[in-house]
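Reviewing the structure listed below.
A, B, C and D label the chains in the order they appear, each numbered from 1.
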Amino acid sequence: MPERSAITFVEARRRLEAKNKAPRDKRMPLAEAAALVRDGDHIAIGGCLYSRTPTLLLREVLRQRRRDVVLSRSLLCYEGELFLAAGACSEIVTSWVGIGLPWGLSRIVREFVEGGNARFEEWSHLAIGMRYHAAAMGVPFLPTLSMLGSDLRRTTGAKTMTCPFTGEQVCLVPALHPHVALIHVHRADPFGNAQIEGYPHMDADIAAAAQTVVLSAEEIVDPDEIRRTADRTVIPFFAVDAVVHAPFGAYPHEMYGLYDVDLDHIDAYAKRVAAEGVAGARAYLDEWVYGPETTDAYFGKFGVDRLERQRRAARDLIGRRT
Amino acid sequence: MTGPNADYTASELLTVSASRLLADGTVVFAGVGTPLLASALARATHAPGLTVVIEGGSIGLEVAPGNLPISTNEMRGARRAVALPSITQIFLYAQRGFFDYGFLGGAQIDPYGNINTSIIGAVERPRVRLPGSGGACDIACLCREILIVTRHERRRFVERLDFVTSPGQIDGGRGRRGAGLLFGRVTAVLTDLALMDFGGASGRMRVAALQPGAEPSQVKEQTGFDLEIASDARRLEPPTEGELRTLRGLDPSRVFL
Amino acid sequence: MPERSAITFVEARRRLEAKNKAPRDKRMPLAEAAALVRDGDHIAIGGCLYSRTPTLLLREVLRQRRRDVVLSRSLLCYEGELFLAAGACSEIVTSWVGIGLPWGLSRIVREFVEGGNARFEEWSHLAIGMRYHAAAMGVPFLPTLSMLGSDLRRTTGAKTMTCPFTGEQVCLVPALHPHVALIHVHRADPFGNAQIEGYPHMDADIAAAAQTVVLSAEEIVDPDEIRRTADRTVIPFFAVDAVVHAPFGAYPHEMYGLYDVDLDHIDAYAKRVAAEGVAGARAYLDEWVYGPETTDAYFGKFGVDRLERQRRAARDLIGRRT
Amino acid sequence: MTGPNADYTASELLTVSASRLLADGTVVFAGVGTPLLASALARATHAPGLTVVIEGGSIGLEVAPGNLPISTNEMRGARRAVALPSITQIFLYAQRGFFDYGFLGGAQIDPYGNINTSIIGAVERPRVRLPGSGGACDIACLCREILIVTRHERRRFVERLDFVTSPGQIDGGRGRRGAGLLFGRVTAVLTDLALMDFGGASGRMRVAALQPGAEPSQVKEQTGFDLEIASDARRLEPPTEGELRTLRGLDPSRVFL
């Protein structure tokens, strides 16, 4: 693999074969689950940008002062800035980094990458998806027509080959097996059978690709409820190592149908970073990550009314699902 | 940028003319901002049968006026969608050939429509680290028609890119074919000053039509490379009252306008 | 492609680009939809074995006396025997053919293949899936670890290559682009947005892989119902060319949650063929395919009570969904 | 085939001893018939934490006694499943390495555990066209432990196959590795007469244990190739009353027994 520290194809299979696949109660406290992340791990983050982000899990990983991790995600939001500013991360693997059009370039990513203090390995969005998909499929690579003619092919170390059936040229991207996948879902049972509503993003592939999968879920349901709606299950229990009950677990990011993104909060963060740079992000870490000792304390700072407002906003956006 | 008496802004002009590039009964792969506004405007005017797709995984969305998505992955982008596949699946539909148009912008654009949204300076130690491709490189490689839509600024239109994030016509001629890109091409580069294409002999970008109020000299001056003006260059129609009213209704608080 | 008459990778993309992708009412009578199948076409059949088979569509294709078609399916049930016996088919592409363990080998497939009157191109089950998946993904091939060390690799013309990233050997299978996919679903709107309950089988990939997609649906719903449950849609309208309202459209095969497989009917057919061979299949064609002029006449032969019994059986098997 | 006083049939013996090969807390990829019965029996006896997967796309199914699935794609196979992925996805989970055991049978089995379920005679003009691989070749290539379970008949155990549908140990030794198969191996060939493995120096199939009532001479006579009997060959325990009662309860009308 081009990036440091992801697991090789053969090693990934061997480790998976060695795992305990018994259906067992995998529920555990947030801190215990986050502790499955080790220094130097490659962490794949579920959801996309500010949607279905495993915010509480990431917050706890930061609180445990992990070091030297690699973050990969299809589109990386400001959690990347927080990990860089915290000194927890030295490399990001993504197709795009930022919060969104209105907020412009990430000042912190610029400082770290332009200063030579962090590595930004850029792939096209589909290429990131194909790398997770290859790993989930148990093959060492996948072909794509994307990145042909792009300098990304050269800088990523993707290969080209001639199709032996058609004679056409294709680009090959290598499987990406993260050490850990952090994924937030709508619903999971204690064994880790998980269901997602709305956008599935890349989470199913990330779960099958990673060596260790940590799930947080808005709701823990009885296995019988999963069995009644088995065709909605997108992550089967045998891929999962830990299950954390985490209502509002993506907040201040959005959770499809449950709560809207808290743009006021994100905007305040962005303004602070725009003005103060890394110092602004560190101040945010002190106030919102290291400061509140508990999840309750963290949500207490937002206040119940605000969480309820965001719940109503989501209902207004999605409406009742017959 | 626009004529002295114009009662619309440059971005309104850009969005309206972009919407006119979209034929009815087609599928457009749109990013948030101008592309999504142009697509929504087209649906509301001449192309009710236009299907909008965004990369977060939404097919057939119908944006709510005044409540536009800011990212391609959020609930606002799923409004009235008919399908919500994975992000990977959306791009695979593009790779398969389901999407007629793909919109692109870019920090740097060269005379062949190649785009840089990654790096200014050296790869290993960039002077400016831009946000990156996102789906741009994929759209450039996989969609049938690539539409580049951006403000016309000299620093943006450069003779040589520091980095090719999204391949356009490569070096003109058979450049895409040579790179292994069997499908798709850049059919339009649209700015607030002109509509450009690659129909000339050189295969380089050239002005096919001028925006209302824009002069050839002004276009050349705002372009960082030698830009040919087609002898038969047309003059684009200004936005109509109706188009402007509808557009402003879509983004009343001017988040993107 | 090894088999005759599937569409090449580049041609498949060109034809798709040329298609009208406007959302329009695609509902049409069964006969009109089946007429989209032409002599010599490669037909991919949705569902699997005796589950979610597009029975009414296949019956109508036979009634229209198509000739020289190629049938592909992950597991081919006795519809293969009917097409062979009818003289409609000279080649099958599948991983397995038969009805099921209790019925043993297909006497008719044996007669045709052993007699040199039909070609049976066998791939592994995953290889068939990878071929449809490659086509659906818009790539000319996909890698797999399956079929390595099997004579199937040699006989199918699959290739091997060394992974440029790991140095490991993989098997490459070519994309399969059928001319027509015949798919039966639980729910579709007039534009062709389709939803399936229970087993998805390979239908989503088949729909994206084929040049022409003909859907039959148990229920035609308002597009707004699809929009309310967009995350259940597995086939988007732009892949679909025809929509047929076909209650009991898979019968006598099963439809998940709606009606059980009619094993009595299938067993009677199997006994007849075991006894009379091709003549038995032709007698079945006369009685159940060519004979009944209309769908009502066809179902009339089963009788309302029997259909109701099968509905109840399905409810007993699956029960209420939440 | 079984001892004169045995109060069980050969297929009951086979199913019971197959169930004992399955460790608790593992995942088994089972076909319908004996494999599914053996898996269900294991769950009901020593392996309650065994997860059953079938190729139609069902994970964690719990079959209803007396109402067993006849195909791997039908509703009976989805009973109490926790997930119903596509057929392709099920095999991709196998390829990824999630499945500990894969059950196989076969019309022809050679001394290295390679299996033919495709063709007797020549490929272009077969003497007998068998049903084909189905998922057998995939299971043989992708599962961690391949368990071959079949009746012991001389016509079945042959020195040379007409066609290799599902690779076993290939030619013994590094055969699988040489073919590019990095993972998985045949760990047991179980019949109503014996349990065989490939633990000998030759890499060929050899008898590791005898079924109750089976004699070495009988095993050799029912095998179409030279079959070694391990010097330390054990004697398998007969089915217990409890195992037989449970098994018969699963298939009271003896559809598969």
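Just so it is clear, contacts are C-beta pairs under 8 Å (C-beta built on N, C-alpha and C of every residue); 3 or more make two chains touch, one makes a residue touch a chain.
Note that the coordinates shown come from a computational prediction; the quantities given were computed from them, not determined experimentally.
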item: Other chains in touch with both chain A and chain B; value: C
item: Distance between chain centroids, defined by C-alpha means - chain A, chain D (Å); value: 40
item: Chain B and chain D, separation of their C-alpha mean positions in angstrom; value: 58
item: Between chain C and chain A, distance of the C-alpha-averaged centres to the nearest whole Å; value: 37
item: Multi-chain contact sites of chain A, meaning residues that touch two or more partners; value: 10, 138-139, 144-145, 168, 170, 198-200, 231
item: Shared-contact residues (touching 2 or more other chains) in chain B; value: 78, 84-85, 92, 94-95, 142, 182-183
item: Touching pairs - complete list by chain label; value: A-B, A-C, A-D, B-C, C-D
item: Chain B residues within the chain C interface of the complex; value: 24-27, 49, 51, 59-60, 78, 80-85, 92-98, 100, 142, 144, 182-183
item: Interface residues, chain C side, partner chain B - complex; value: 10, 12-13, 16-17, 20-24, 136-139, 189, 191, 193, 208, 223, 226-227, 230-231, 233, 236-239
item: Residues on chain B engaged by chain A in the complex (per definition of touch); value: 32-33, 55-58, 67, 70-76, 78-79, 84-88, 91-92, 94-95, 118, 123, 125-138, 140-142, 163-167, 170, 175-176, 179-183, 255-256
item: Of chain A, residues touching chain B in the complex; value: 47-51, 74-75, 94-98, 100-102, 105-106, 109-110, 113-114, 116, 120, 122-127, 129-130, 132-133, 144-152, 155, 160, 168-171, 198-202, 204-205, 254, 256-257, 260-261, 263, 314, 317-318
item: Chain C-touching residues of chain A, taken from the complex the two chains share; value: 1, 8-10, 138-145, 159, 161, 163-166, 168, 170, 172, 174-175, 197-200, 225, 228-229, 231, 319-322
